[in-house]
Structures are given as structure tokens and as C-alpha cells.
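See the structures that follow.
Shared between the two complexes below is subunit A, which pairs with subunit B and subunit C, respectively.
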Partner chain A sequence: MGAILEAKDLHLAFKGVKALTGVSFQVQPGEFFAVIGPNGAGKTTLLNVLSGVYEPEKGEVFFLGENLRGKSPQERARMGLGRTFQGLEIFRGMSVLENVKLGAELALPTYPLALPRAQREGQLRAWAEEVLDYLHLSPFRHAPAGMLPYGLQKRVEVARALAGRPKLLLLDEPMAGLALEEKQDLARFLLDAREEWGITLLWVEHDLRAVLELSDRVLVLSYGEVLYYGPPEGVRKDPKVVEAYLGQA
Partner chain B sequence: MADFLPYLIGGLANGALYGLLALGFVLVYRATSVVNFAIGEFLLVGAYLTYTFALFLPLPAAILAAIPLAFLFGVLVERGFVRPLLGRNVVAVIMATIGLAAALDGAVQLIWGPDLKYLSGSLPNLGFQAGEVFVSSRAVWNLLLALPLGLGLLWLLRRSRYGILVRAISEREVAALALGIPTARILAGVWGVSALLATLAGALLAVASGVGHNLVFFGLKVFPVAILGGLDSVGGALLAGFLLGALEALSQRYLEPVLPGFTEALPFVVVLLVLLVRPYGLLGERQIERV
Partner chain C sequence: MYPLAKRLTDAFSHRYARAVRETYGEDEAYASTPLGRLALGVFLALLLLLPLLLGPYPMYVATLVAIGALSALGLHLLVGGAGQISLGHAAFMGVGAYAASHLTGPLAPLGILLGGGIAALLGLVLGLPSLRIKGVYLAIATLAFQFLADYAFKNWEAVTGGIRGRTLPPAELLGLPLDTPERLWYLVLLFALPLFFYGKRLLATRAGRAFMAVRDNDLSARVAGVDLVRVKLFAFALSAFYAGVAGGLLAQLYKAVTPEYFPLSVSIQYLAMVIVGGAGTVLGAVLGAFFVLLIPEVLNSFVGALGPQYAATLAAWRNVAFGLLILVFLILEPLGLVGLWGRIRNYFRTWPLPY
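Here is the complex of A and B:
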């Protein structure tokens, strides 16, 4: 089986500032793929190109072998390309359960008008509860999501994305702002989700230790260019990466 | 105090229409962050549509016929004026709605002429005498239509799948996109519902006092009402509609003899006073804007 996601020579500039220059890589099914780089390296821009918020000026993205050019974020989501956001993008005014149910709608066949309403609602609810249970969020199911502590809100966002059963989940700094223990929990949830539901993971992350420990392969960006692309062991040894990124630390 | 109840009922009847109009206004504001300055013209167009249908249909049927057309009108406004400006500065969109208001004003005058028109036909008389107090047919109709419709919409927004989708888009549009929610269709629907509510308010106003350009001034009341309720609170809009309607009528009776002309300013005075105590309106959500 080929790559689940392939980026080919992506270029994007904002008012002359190059955000991505010739970025190419492949993500294999079942992989835990990391994108790292200093601030302003173009990591979030890359996620936005992959998920359809931006259209690249040049280059193509293939997902499951299909060219994504011209596909809206919604279409990509329905194809199985999920994402979470840097900072929080949960629906704060809704309960945790409502958040996750909205995510779960993607996991059910779209508009199964054939299904009776009550049955569909029952399926949604059951699946959402399963995800909540899985992420240890069940005790908070009826709490307004915005009232939870930060770490749990982050987990709600991951739960909402996982509930859609994406084939590939893009995570934008899921560990930012979490305490060490919360990071470990989240890492375990993600690894379990990959195991259990066969979800491929692509994450942008600042926590280098977590990245090198968890990821199968790593892409290092700097000023929109690929500095390194390969197994995590090589990251610390690559002189260009050391200079651009690790050297500062 | 013999006048108190009749004035209160008349005020609530007016307030019911304020509430309907403000509900649609706030719904659009919440879902799209657009302040629709053409809301008064929505009401005007709705009233004239009703008038036109009433030329050859019984009045209740005319109102029913105007409603789907109004929905379509709202959808077209969203597609034609709002959607193309998506992602632009908020001020650009506001200016566009002001321009739209002017254009609609002109179009309405061109089509229907400048003079006041009266609807042919009437709604069944539902007025009744309750002890000392006479409740007018107009009050019964306004309350009978506005209350269930307003409360029903609130319920839908809170509980139905469609309502939850609207709230999801209002709160976090990027996240809604990433969840595959068909935002474009839903937002168009929200504009449609807003136009529909304005049309119903316009039709009921027209039944009571005819159709003319002065209806736009009724539409302007939507601003104090919506701000009083809390710009982002749909329930607050309904509540504030009734409240301002009642206060206006009571002021008309009790304050006007002492302070002539005060009633005109009353809604704004009330808004100012309430905002001093509750800056987010009666039921508005407290929020801190981070810059």
C-alpha cells in the first residue's frame, strides 16, 4: 500500500514572505509522523495547506491517492482528514458530550437519511460515549466544555477529532501548555487510538523530547524549507538541524 | 391605574414584533458577526410582499405565501452581498448592508410607490373582553404568533441538530469546517430565517397600520432591543423586545404628559442605563476580547 498522504513540492508565500518552499514528504499508513521546527518555520501553515484552509501556490497534496486541489476543508474532513488546532478551538458553550457528538457525525455515513432519526441519534450517542470513556472524559460529559481546566479542554478537542474516526489526524501542538503527566496521558491516548482504530497521526510539536520518543519519522522545517526528513535518531546528528534549531537551545 | 393593563397589553403586542425582528437580527449577528443594517428593509420588503399577495389572496394565505419568498430573499442576500465579502474587514460588510438598505429602500419605492397602502382583507377577529380589560385582536395575533415562534426557535437552537450546528459555526467557524459541517448552506439558512421573521413582523405591522416607508423606523428599534438583550443572546432579544415594548407603552401613558417626546428616546435611555450595570446586555455572554 502506498503513502496515505503525499505532499509534492509545496510552495506558498504571504505578501512575498515565503512560508513554504518546495516542501515534499510522504506519510505512511499507521505512522506517527512529526513536524518540528523553530517558531515561524511554517509548521502551522503546512497543516493549513494540508487541511484546505490555504491553497498552495504550487505543488500538490495527495490523500489516499486522490489529489486534494480545490477540495474544501469540509470535503477533506469527510474524506477522513481530521485536525486539531493550536490554541483551543472547542465549542466552549456546549457540553463535552455535544462537542464529541459533533465530531462523531463524521464517523457515521454522511446523511444517512435512510436511518431513522432516533436510531441515528442512538448510534451517535453510543459512539461518542465510547470515545469519552476511552479518553477518560466520561465524568465530565455534561459539563460545559469551556469550564474545564485547560488540560481537559485540550483532551476534549482531541476526543472530538478522534470521534470522527479520521484516517489521518493532523494535530497542531497538542501538548503545548500541558503538565508532564498530562502529556504522558495524551501520548498514551494517541498511541492507543492508532493501535485500536488504525488512525495515522501527523503532529506538529514543540516538545522535542516527546517527538523523538514517540514519532516514527520526523520532518524538520526551517523558514519554510525542509531541513531534515527521516527517522528521529538522525535529528540530533544532522548538522543543519543542530545549527538551525537545537543550537539555539 | 385603570389604564395600566390595556397599555401594558398593547405594549407587549408591539414588543412581540420587536422581539421577532431582534431575534432574527441577533441570530445573524451570532452566526456571522454581521450587523445587518438592512433589517428594517427586510421588514419593509416583507410587508410589501404580504400586501402584494393580499391583492389576490385572503390575508392569512397572503402571509403564508410571503414567508417562503422571504426566506428565499434572505438566502439571496447572503449569497449576493455577504458571502462575497467573507473574510473582509467587518466594517466592509457593515457598509455593504447599509448600501443594501439604501438600494432596497429605492427599489421598494420604485415598485410600490411612495404612498401609504392598506392591506385588503383582515385576520379573523380574536379580540375579547376579560373583565374590565379589552384585549384587541391585534394583541392576540401578535402574541399568538410571536411567542410560540420565538420560544420554538430558541428551543430548536438549543436542542435540535440544526441548532447545534448553527451554534458550532457561531462559536468556532474553523473548527466547524474541520468537522465537515456544511457551513455555507447553514449560514444561508440563518439569513433566510432572519428575513422570514422580519417578514412576519412586517406583515403583522401592516395588518395594524398599513404599509409605507415609515415601517423602516420600526425596524430601527431593533438596535436598542438587541443591545439591551445582549447582542449575542437570542433569548435576550425576545425578552428585551417585550420589555421595551411594554416600557414604551407605559411611558406613552404616564410619562408623555409630563415629559412630552420622551417616549421616542426611552429605548435608548433604557439601553444606556442597563449597559452601565450589565455591559453585555441582559442575557449576553460575558466575554473578554483579547487583542
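Here is the complex of A and C:
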């Protein structure tokens, strides 16, 4: 099997501001793929294009070999393309358990009518509890998600996305605002999820150290253009990246 | 001797008095513990026997509150559940009432269902603007519907009887005329119980989570695989169905339908029920309906007790007192009566050792 996700020559501009120009890359199955770049580089725009919130003006996205053009975010989610957001986009009024169950619906989508509701709900609960346990969220299952501290809310969002058993999970700055210890925990969870459930990960992140340590390959964006695309070791050596991102040494 | 007694009491407490759920399945199920089932049974029996316990006037009020609670639940699913707003709830009740007024007598249950169905179709239509607009703008769109419906009620004489409205012969169930509130109560239960059960389960399962996801964060909901269009339209149609059924029942209770029963102020009254009752639960809808429909009755009898010479002055103050009570709720107990009930329950659950 080839790439799980392929972006071909993506272009998108907002009233003349070029957010993406000719962005192409491939993500291989099982990879931990990072997208980095200075503020305003188009990282979040790229994720929005991949998950279907925006439609690119030019270029195509292929997921599992299928062209995603015209597919709505919810269709993409059902195909196995998960997503978390920068900042907190959890369902604040719902309990942690309900958040995760909502995500878990995607993991059992095919027999909505075959099972009696109670039994289905029981199955959903069992799977949701597994995810909660895995992310150490079980003690908070009935707490309203919006009442939890920031770090836990971020983890709820990751749990919600993981519960859907996506084939590819797009993470938008999952570590922003977390303490070092929380970052290490999250890195552990993500690597384990990849190991155990075979989830391919694509993440946008500002913490360079974490990115270079954890990722298999890195895409560097600046003003919507690809500056670098390759293994993490090369990032610090690439003169263009050093100039645009790391600053003059 | 002791071990046997202990074993017996243990077996008893495990079998019957168990108040703790032990599996995830039980935690998901409704009334899963024996104690919970007992409470539910007693409650249902009480509902069935209520006409034997209460006199005609309290029974009239009870029927009114039950119908109000049913309608409030519908609005509650839309507002508290899916986070949409509607100022046209009374209009949907009116649609249900007029539709039901055309099929009465032995066909009354059918007429009430038909009213719910027509209201649901109109709800679907009213749901369309919600796909584009939110909040205050949506409120204005639903307000327009309320006024349109009001106009139709007054002027579409062939169907609504115009200003004079329509009168209904009493409904019949199994050949028995339901001409008193005591008898009509059972027709109300026939519709309200399944709809309450459905509403409660809805909020605890897939569709309910989709509702709340749309309420809390529609962008995130889409990315989590929720179909916004379907959820919003379903929420509007469902809410209108509840209103339509409640309207049909109300027409049976009043034995008449006129445009005055369903003005904008009633829509707002129902929104007040949702707010006072508290968001998120079915219990909230019931408590809100109790409060909003009963307090005026209580204040009325209070005014009556003071003597007729004060009636006119105090009638105005009644509205002020009512408004003040709602304000007090908004400020002191934003979670509504449900929040209050939750705190009372937790107090007794841990009593006498709260720590």
C-alpha cells in the first residue's frame, strides 16, 4: 500500500493573502509526521484543508487512495480521518464520558439498526471506558468537560479523537500550553496509540524539541510554501529553515 | 445463627436493596437497580391513580401542567439539547390544536397524532434557517413564523374558524367520552409517558449526544462526524412534534381552540419554563412547567383570599411577582430547579456525614 495521505499541489488564498502555495507531501502508514513553521505559515489552514473545513482552490488531497474533493468534514471523519483543534474545541457542556462516546460512535458505525439501543450503548460504553482508562481520564468520566483544568481538557479532546479509531489523526498543537510533564505524558499516549491501534499521526506543533525527537518526518512551512520536507535531522541544517524559522545563529 | 442471618440480609440487600450499579451496562440502562425500578413503579402507579386522589379542579390543573410539561420538554430538547432557539413554540402548539380539532370523538388520538405530524413538518421547514443563522438572528426568524401562524389562525376561516375559533366535542376512548379532566388525564398519559421516555432516552444516546455536540461546538461536531443538517432539522421537527401533540391535548382540555391560546407570550412562557427548569435534563422541563404554570395559580388564590376589592390592583402585581421570581432564579440558581434539586439530593445522600 502506498501513502495513507497525499497532498498534491495545494493552493488556497484568503483575499490575496496566500495561505498555501503549491504544498505537496505524502504521509506513509504508521508514520509520525510533523508540520512546523512560524506563526502564519499556513499550518492550521493546511489541517483545515485536509479535514474539509476549507476547500482548496487548486490541488487535490487523497486519503487511502480516494480523492477527498467535495467531501464534507463528517464524511471524512467517517472515512477514518480524525482531527483535534488548536485551542479547546471540546464539548464543554457534555461530560467527559459523553465527549468520548460521541467520538466512539465513529468506531462502531456500521450497524446502527441491527443492535438494540441498550446493547449498542453498552458496547460504546465499554470501548469509551477503555479509551478513558488508557488516557488516565476515568476518574473524571462524569465531570462536565468544560469544568476540568486545561491540561485535562486537551486530553479529553485527544481521547474524543482517538475513540473514533481514526486511521489518520490530525493534531493541531496538542502540546500548546501544557507543562513539561503533561507533554511527556501526551507523547507517550500518542506513541502508544500508534503502536497499539495502528493510528498514523500528523501533528502541527511549536515545541521544536518534541517535534525533532518524536517525528519520523517533518514538513516545514513558511508563508504557505514548503521550505523543507524530510527527516528531522535535516531540519536544523537546512539554510532556508534556519533563516525563516530558527533565526540567524 | 449469625452467619445465616448475615447471609440472608446480604442476599436480600444484594437482590433488592442494591442501589449501586455494578456494570457499565447497568450504568447505561434506565432504572437499573431494584430500588430504582421500585421508585419508577410507585411513580407510575401514582400517576395512574391520581384522578382518584384529587378533586376536579386540582385535576384540571394537573392535566394542564402535564400537557405544559410535555410541550416544555419538546422545547427543552431543542433549546437545552441542540442549542437552537425558537420563539415559535406556541405556534406549533396552535397548529397541533387546530389539526386535532378536525378529528375528534373516537378519532381524537389520531387527530392529536396528526397535529403532531403536521407541526413536525412545519418544524422541519422552520429548521431550514437554522442551517445558516444562529442565536438572535434565528430567534427573529422563528418570531416571524410565530406571527405568520398567528395571522393564519385568525384569518384562515375554513380551517381555523377565524377569531371565534372552533369548539370540540369531547374525545372518546374505547367508547367512553373523555369529558372531564379526570378522564382526559389518561389520554394525556397515553401520549406523555412514551414521549417522556423517548426524550429521556434520546438525551442519553447517540442522537442526544449529537444534539449536545451541535449545541456546544458545531465546528468540532462536524469533524467528529456529526451531520449538522440532519441534527438541526431533526431537532426542530421533534420539538414541533412534541408541541403539536401538546397543543392537540390542550384543545381537548379546553374543548375549544381560539387564536388567543397561542400568542407570542405563550412561546416566551415556554422558554421561561426551560430556563427556570434548568438545562440538560427531562426533569428540568417538568419542574419548569410546574413552576411557571402553578405559581400564577398560587398567586391567584392568594389574591382571591385577600378579598375582591384588591383583585384588580393585585392582578397586575401578580405578573410583577412572577417576573421577579424568574429573575431571582436566573441570578441565584443558573442551573434552575434541577440544580436546586441536585443539591438537596446530594445533601441527603451524604447525610449525616457530609465529609
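One rule holds in what follows: the second predicted complex is superposed on the first by the 245 of 249 C-alpha atoms of A that agree within 3 Å, B and C clash if a C-alpha of one lies under 4 Å from a C-alpha of the other, contacts with A are read in each partner's own complex, and residues count from 1 in each chain.
By our rule, a residue touches a chain if its C-beta (ideal position, glycine included) is under 8 Å from a C-beta of that chain, and two chains touch if they have at least 3 such contacts.
Small disclaimer: the values here were computed from a predicted structure and weren't measured.
Chemist: Taking subunit A as the common reference, can subunit B and subunit C both be placed on it without clashing, or not? Answer clash or fit.
Modeler: Superposition result for subunit B and subunit C: clash.
Chemist: Could you let me know whether more residues of subunit A are touched by subunit B or by subunit C?
Modeler: C
Chemist: Quick check on the superposed pair: does A:223 touch subunit B, subunit C, both, or neither? Answer first, second, both or neither.
Modeler: A:223 contacts neither subunit B nor subunit C.
Chemist: Examine A:105 and indicate which partner it touches, taking first as subunit B and second as subunit C; both and neither are also allowed.
Modeler: After superposing on A, A:105 lies in contact with both subunit B and subunit C.
Chemist: Which of the two partners, first being subunit B and second being subunit C, lies in contact with A:126: first, second, both, or neither?
Modeler: second
Chemist: Overlap of the subunit B and subunit C footprints on subunit A, residue-wise?
Modeler: 51, 53, 72-74, 77-78, 83, 85, 89-94, 98, 102-103, 105-106, 160-161, 164
Chemist: With touch defined as at the start, can you tell me which subunit B residues reach subunit A in the complex?
Modeler: Touching subunit A from subunit B are residues 164-165, 167-168, 171-172, 174-175, 177-183, 285.
Chemist: Can you check the complex and tell me which residues of subunit C touch subunit A?
Modeler: Where subunit C meets subunit A, its residues are 24-25, 27-29, 201, 204-206, 209-210, 212-213, 215-217, 219-228, 279-280.
Chemist: Could you please specify the touching residues of subunit A with respect to subunit B in the complex?
Modeler: 51, 53, 72-75, 77-78, 82-83, 85, 89-94, 98, 102-103, 105-106, 110, 160-161, 164
Chemist: Note which residues of subunit A are touching subunit C in the complex, please.
Modeler: Touch residues, subunit A against subunit C: 51, 53, 72-74, 77-78, 83, 85, 89-94, 98, 101-103, 105-106, 109, 112, 117-118, 120-122, 125-126, 129, 160-161, 164.
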